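Chains: A, B, C, D, E and F, in written order; residue numbering restarts at 1 for each.
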Amino acid sequence: MLTAVGSLTAMGVALGGMLGVAARLLAVEEDPLELELQAMLPGSQCGQCGFVGCAQAAVALAKGEASVTLCPPGGKAVAEQLAKRLGVTVDLGDQAPRLPVYAVIDEELCIGCTRCVKECSVDGIIGASKLMHTIVAEVCHGCSKCAQVCPTDAIRMVEIPLTLAAWHWPKPASTHTH
Amino acid sequence: MNPLMKQGTLTHAAILGVFCLGFGIFLGLTELATRDAIAARAMEDRQNSLGQVIPASLHDNNPVIDNLTMQDAEGQNITIYRARKAGQVTGVAYEIHGSGYAGHMKFMLGVDAEGRVLGVRALSHKETPGLGDKIEIKKGDWILQFAGLSLGNPPAEKWKVKKDGGQFDQFTGATITPRGTVTAIRHGLEFFAANQAQLLEVH
Amino acid sequence: MQEYILLMVGAALVNNVILARFLGLCSFMGVTTRIDTAIGMGLATTFVITVSSMANWGVEHYLLVPYGLGYLRTVTFILVIASAVQFTEMTVRKVSPPLFQMLGIYLPLITTNCAVLGVALLLVEGKMTFIAATLFAFASSLGYSLVMVIFAGLRERLALAEVPRLFAGPPIGFIVASLLALAFLGFSGISTT
Amino acid sequence: MATTDYGRIIRDGLWDNNGVLAMLLGMCPTMAMTTSATNGLGMGLATAVVMAASNFMVAAFRNYITREVRIPVYILIVAANVTFVDLTMNAWMHELYKVLGLFIPLIVSNCLPLARLESFASKEPILPSLMDGIFMGLGFTFALTLIGAGREILGSGTLFADASLLLGPAFKFMELRIMPADMGVLMMILPPGGFLVTGLVVVGKRLLDIRAGKGIQMAGAHSV
Amino acid sequence: MKLFPIRGGIHPEYRKELSGERAIEALPLPSRLYIPLQQHIGAPAEILVSAGDLVKKGQVIARRQGPISAHHHASTSGRVVEVTEIPAPHPSGLPQPTIVIEPDGKDEWAALPEPIADPFAVAPEVIEERVAESGIVGMGGATFPAAVKLHLGIQYRIDTLLINGAECEPYLTCDDRLMREHAEAIVDGARIMAHTLGAPRIVVGIEENKPQALAAITVAANPFPNIEVAALPVKYPMGSERHLTLAITGLETPARKLTADLGVVVHNVATARAVHQAVRLGRPLIARVVTVSGGAMREPKNIEAPIGARVSDLIDFCGGFSQRPERIIQGGPMMGTPLPNLEVPVVKGTSGILALTADEINERPADPCIRCGACVNICACGLTPVELAAHIRHDDLEGAAKLGLSDCVSCGSCSWVCPSHIPLVHYFNYAKGALNARDREQRKTERTKTLVEANAARQERLAAQRAAARKPKAAPAANEVQA
Amino acid sequence: MIGGEATKSGPFAHSTNTVQQTMFTVILALSPATLFNLYLFGWPSIFLFGVTIGACVIAEAICLALAGRPVTHTLSDGSAILTGWLLAMTLPPWAPWWIGVLGAVFAIPLAKQAFGGLGQNLFNPAMVARVALLVSFPVVMTAWIAPHPLFSASAPGLADSIAITFGGQVPDGVTAATALGYVKTELSRGIPVFQSLVEYGRGTNLTYTPDLMDLATGYKPGSLGETSAILILIGGLFLMRRRIITWHIPVTVLGTLFLMGTLFNLLDPARFAPGLFHVISGATFLGAFFIATDYVTSPVSEKGQLIFGIGVGLLTWVIRTFAGYPEGMAFAVLLMNSLTPIIDQYTRPRLFGRTRKGEPLPLKGKA
């Protein structure tokens, strides 16, 4: 009985000590996951995901509180990247593909208020105060923030047309029916 | 080194140590409480298995305690349990081994002073359920046919399964297990024959 | 020599830890979605099983048996295993960071892998010598790794098959394991003594 | 959890989040001890006792256990409880003890108790933890008995054979013979049958869940 | 000549006899010509004419833009009716800017550049320039601007020019006819190209099933000791650039490298003839030989058609359909693409127009893959199509990419051989396209990110400046605190 | 399609191969051996053969219907018939009807349809069924009988045959050991292999004795698929000619088995049977030509098939020689099936222009 208690206690102390040492030696720094995730997001801080910006979105993602499909500007590419990093699977097939859009300013309606210019995080809107503004279609990433602030609703979001270069074959229908 | 670290280490060691101490005591007490019961169970197990191969009428001692250790033909230690009545050794029991289809088989063999089988029981085996496990008393009375037989009865060339020209039935579709069993019993009896004097010797 | 070979074949194939003895099944069902992972888990487990079985052999023969502490076997063995795992983790991290990268994540899983404790208990039951015990432990864990890797290969292909929804995931995994165990029954009857 | 939903704990343990059928934990005893319904029942009950006691203890001590040593302490607690069960069964339920043999000690590394300690008992108060231990344990027992029954019926044609050894002579009535002797599909009590019947039972659970409109949960891609 | 084996390959039903014995006929001038701005790999050409302009035959109407692009010329004289968007000869049927010319029937040549009297005496750059001015693109299928490829002689040491007369696609006989009827022009074009590339050796590779072409080229090449003719075993896809190079030189082109890295440049026979015409006659590429064939075609023919003629014009010239075609495709049956309609024009890369019957296509609903391994054994690129398709079906495009999706030349052999009729190549085409789209999206995201950063940096700078402007005195104080 | 966007990419030419044609060619190749054996074992074997195939087809139909997939189209691919056919060829010819039915249950729902049907299964369905039956009913599954050719004096009548197949009443004295089984049991009691081989040939201790001529023609006890090696071989060569199978698997299976047998037989003829004996007995030929070659469960690349064949040969020899079962072909096939995905992964062909590791080839000596 005494040997039993003694030897067990001794082992416990030894093991506890070892673990204590181990815990110290092997302490891991803060999880760099958030930073990594943040790097994957577009960084336009547009807020479409429902978070204040990309950093918060990354925090939520890291905690598993947000879906990898949260970021509309990032689209499928970002969702897949996130999914891969987080080791989750997403069925992007079911997700209705959000057609890429860009913003167009109706020249008739624009009063040159420059509010949209300040909204645009990619400097995609050109034009001086009081003059008509235009949007560089190649640069616009379709966040639609400018459209939201435009006082005359001069900004429309337009689908990017499909070109020969962008077209590709659709996925063949599955041979299995279940 | 960092004092914090030392403290942490000690804390952890202490926590685990305390738990070990606590559970050590807990288990020690449990063991104390169950020790006798477990020993009694172990004794019962032994007696049970011996009881099946040595009829109670043959002895007035406790064969489990009345044992001696000998070496068999291969030099392995075997424990011999002896049944005595009025001081005379009336029978002995010991473990015998055989190899079956799926490996090692262990039996307890009881032999009376004349070298006749008192009884055989399988103690452990890995034979296939439904096939080879018919050597168990629970699954059939095949094993009972050995009672009363001895080395000369049947004659040595009949101490085989029928398939090998002997007198013992094999099970349908499973010859290996009975063959191993028959061989093991025969070897057991040969051991008795070789060591009869020593086995029956009264101290 | 021959008896050692038979012992090892028996431990690895005939009485395979996973398919015949039913040990380590949680990791078998859990960490076999990819071959690399299964290889990692196999390596880590092989190491831990071998080392901790050696240690436990010592504990059994120099502590438990001499002092009649058989009833503490479970407790001491599992403590030894936990420390072996921790120890492995520390040494591997120190000695070979790349290896740690590969094995590190599996180590915590191994403490609760029945195969480790199971093999140690089998050793005690079998009353083996130190060498036999070490070989047995090593061969058992090789058998474990082999089946892990095979199963992972099968599951990688399964992931590309059109398994009906009702069976997808664990059920088909069990069925595959069942058929694998069926195939391994072919080794039964190989005499290992 | 402000108010504890005991109904939830019970439902989770017995069915929804069943340790074997949904979480795929504790697979080793599930396979090894289900050659008959009686064995499954016995193993399940032994595990349930250990789980209840361990959950209770961990919940009671949870504030004194630091993160670093929690796994060893949990294991120690489980191991101690297992040894307790082992000794008492050996002493007072000897027949069953002989059947369950090697697998009593292995409750220690059965992933299920440890998983519940990690994910439930280390966070919740004593009473819910105890309940969780009991009902997870009973759910485990249920699953093992079910699988055992399936294997036993198919494999040897009986049901609850030797139940009286486990539960006492009063339960002799449970011992049924479903098919004539020698009609069993031997494979079912061999290792392949263990995996097969478990797989089919999981499919059965899915079918019931679908019928109840719950849909398939794809659980069990990982352990612990 | 010693040849080297290539892995895999198939032997489809060739059906070259349908049009093989029909000499090349010129297409009567159609009522309208539709000349798209993009008939080649690279940037679309820049338009030089507008509606109402009168153009002459051979006049440049669209100019190349950027390093990889090609001129386009008026195929006949007439008036530009409009510049509009019409469906491209492309499976998507997407509209594409196209110049529509109404021929005036006079077929009057514009002022052509002077023929180069002795091309072997001029600098390679001169030839390159002429080829570029003539709008020549590779006519073997890839439509890569030929001048760019001729420029390779500057960067690499080229020792062999391979002239690709394999024509391994079933049905097609345009190269065969060209070689039979214009062997000398081809040999001359090849010599000019070899000179331009600085290649001492020329090998013309022709599959053995074209004995007359082999004979014709052998005769034409006879005077030139540096030209060899290789009779290639009949095996699809022998005509693929890399496989041809392997078969003839024994050199295997490393992935992501060009055959030029091995000192080999491959050109099609029609390209050689076009070069001959441009150099010796000053004529730009305004017409090409098209095989019009297929079981549903009443009268299969080899037609020399002006670029811009509509497919329906060619079909009418062949007497229309003899039965309802299951599909009309452009190119050969193995690598060709379905046409969106019959009003699309013939372009520089159109080698064939095939009207195929259901029996010829022999397409069936896909069955599950039985893992027969046929696709693996016949893939000339060493791919495992069965695995690739499985990954793609499960949306694991990266997995497919890892298995070498990008190395697939879309030869179609695997789909052809598959007993389960799984549309393997369709899976690969889809996956390649989807991966490209993903890359484009990724690049856009990257660019957006840099722009956002630039914007943020500017905002910060502005804010700092404003702050500095507002309280110039606070600034030193802040500095002090920091110090 | 003329007009509008095209929905299907090329190629627009396809070979005439179909799954259906493949399967029925295999069936054709099996027919000579099957007919001979049905003649050899008479009505009971014909009944069992019919029951087994029928059960497989019905099982497949039920599974397809439950899965909501086209029943007639998929059934017509012939794979279920082939599975049933091959299973029937590996059963003891006079086994009771329920063996065939239960076999179908193992083969089709369990080993095939649970995985998603044709092409998706990881293990050979017929072999899964055979092994499951063997393990579950070792007695029934090892009850071989001596040949009782149709219309011969010893052949059971129709009524007796019905009693045999549907009543399970096999008359006494008709069973006979197969050569493999005989050698194995004799060895287990210490009779050297060469001696038992001679005894088997002479018929000592046996109710039925095939002479050498019988062994060659297949007039001997065994399953439908194992007696006549010659007819199986002819079928196999026919399949090779029709390019349904290639030489890789059959040759390596036979070769490895022969080599192992010969080698060890030279070392110790008392313990190990000769190579030729291994090759001509048991299911060697059926396994090598028809079972190990099953596309679905063997590697796709030729190199993989070589490894697979060597593995099957080796494991068959190991199991026959050391393990409890006299015949190891079925187990060997299943074991190698389990390795197929891994073999496939490591035997992919080298990509054109790349090294084995997938890196682009280095440019040699050119600038």
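We adopt the following convention: contacts are C-beta pairs under 8 Å (C-beta built on N, C-alpha and C of every residue); 3 or more make two chains touch, one makes a residue touch a chain.
All of these numbers come straight from a predicted model, not from anything done at the bench.
A.B. asks: Along the graph of touching chains, what's the shortest path length in steps from chain D to chain E?
C.D. replies: Graph distance in the chain contact network comes out at 2.
A.B. asks: Measuring centre to centre, with centres taken as mean CA positions, what chain is farthest from chain E?
C.D. replies: Between chain E and the rest, the longest centre separation is with B.
A.B. asks: Using mean CA coordinates as chain centres, what's the chain B-chain E distance in Å?
C.D. replies: Once rounded, the distance between the two centres reads 85 Å.
A.B. asks: What whole-Å value do you get for the distance between chain A and chain B if each is reduced to the mean of its CA atoms?
C.D. replies: The answer is 70 Å.
A.B. asks: Please report how many Å separate the Cα centroid of chain C from that of chain E, as a whole number.
C.D. replies: 58
A.B. asks: Between chain C and chain D, what is the separation of their C-alpha centroids in Å?
C.D. replies: 22
A.B. asks: Please set out, as single numbers or ranges, the residues of chain C touching at least two other chains.
C.D. replies: 71-72, 75, 79, 82, 162, 164-165, 167, 171-172, 175, 179, 182, 184-185, 188-189, 191
A.B. asks: Two or more other chains in contact with one residue: find those residues in chain F.
C.D. replies: Expected reply: 8-9, 67, 110, 116-117, 120, 132, 135, 138, 324, 344.
A.B. asks: Two or more other chains touching the same residue: where does that happen in chain D?
C.D. replies: Touching at least two other chains: 68-69, 72, 76, 79-80, 83, 87, 184, 186-187, 190, 192, 196.
A.B. asks: Which of the residues in chain E end up touching chain F in this complex?
C.D. replies: 7, 10, 12-13, 91-93, 156-157, 170, 242-243, 252-257, 261-263, 325-329, 333-342, 354, 356, 360-364, 367-374, 376-377, 379-384, 386-387, 402-404, 407, 412, 415-421, 423, 425-426, 429
A.B. asks: For chain F, which residues count as touching chain C in their complex?
C.D. replies: Contact set of chain F toward chain C: 67, 110-111, 113-117, 120, 122-123, 128, 131-132, 135, 315, 319, 322-325, 328, 330-332, 334-335, 337-342, 344-345.
A.B. asks: Under the stated contact criterion, what part of chain A meets chain D in this complex?
C.D. replies: It is residues 12, 15-16, 19-20, 22-23 of chain A that touch chain D.
A.B. asks: Once bound in the complex, which stretches of chain D touch chain A?
C.D. replies: Residues 67-69, 72, 76 of chain D touch chain A in their complex.
A.B. asks: So in the complex, the part of chain B that touches chain F is made up of which residues?
C.D. replies: Chain B reaches chain F through residues 101-102, 128, 131, 163-164, 172-176, 179.
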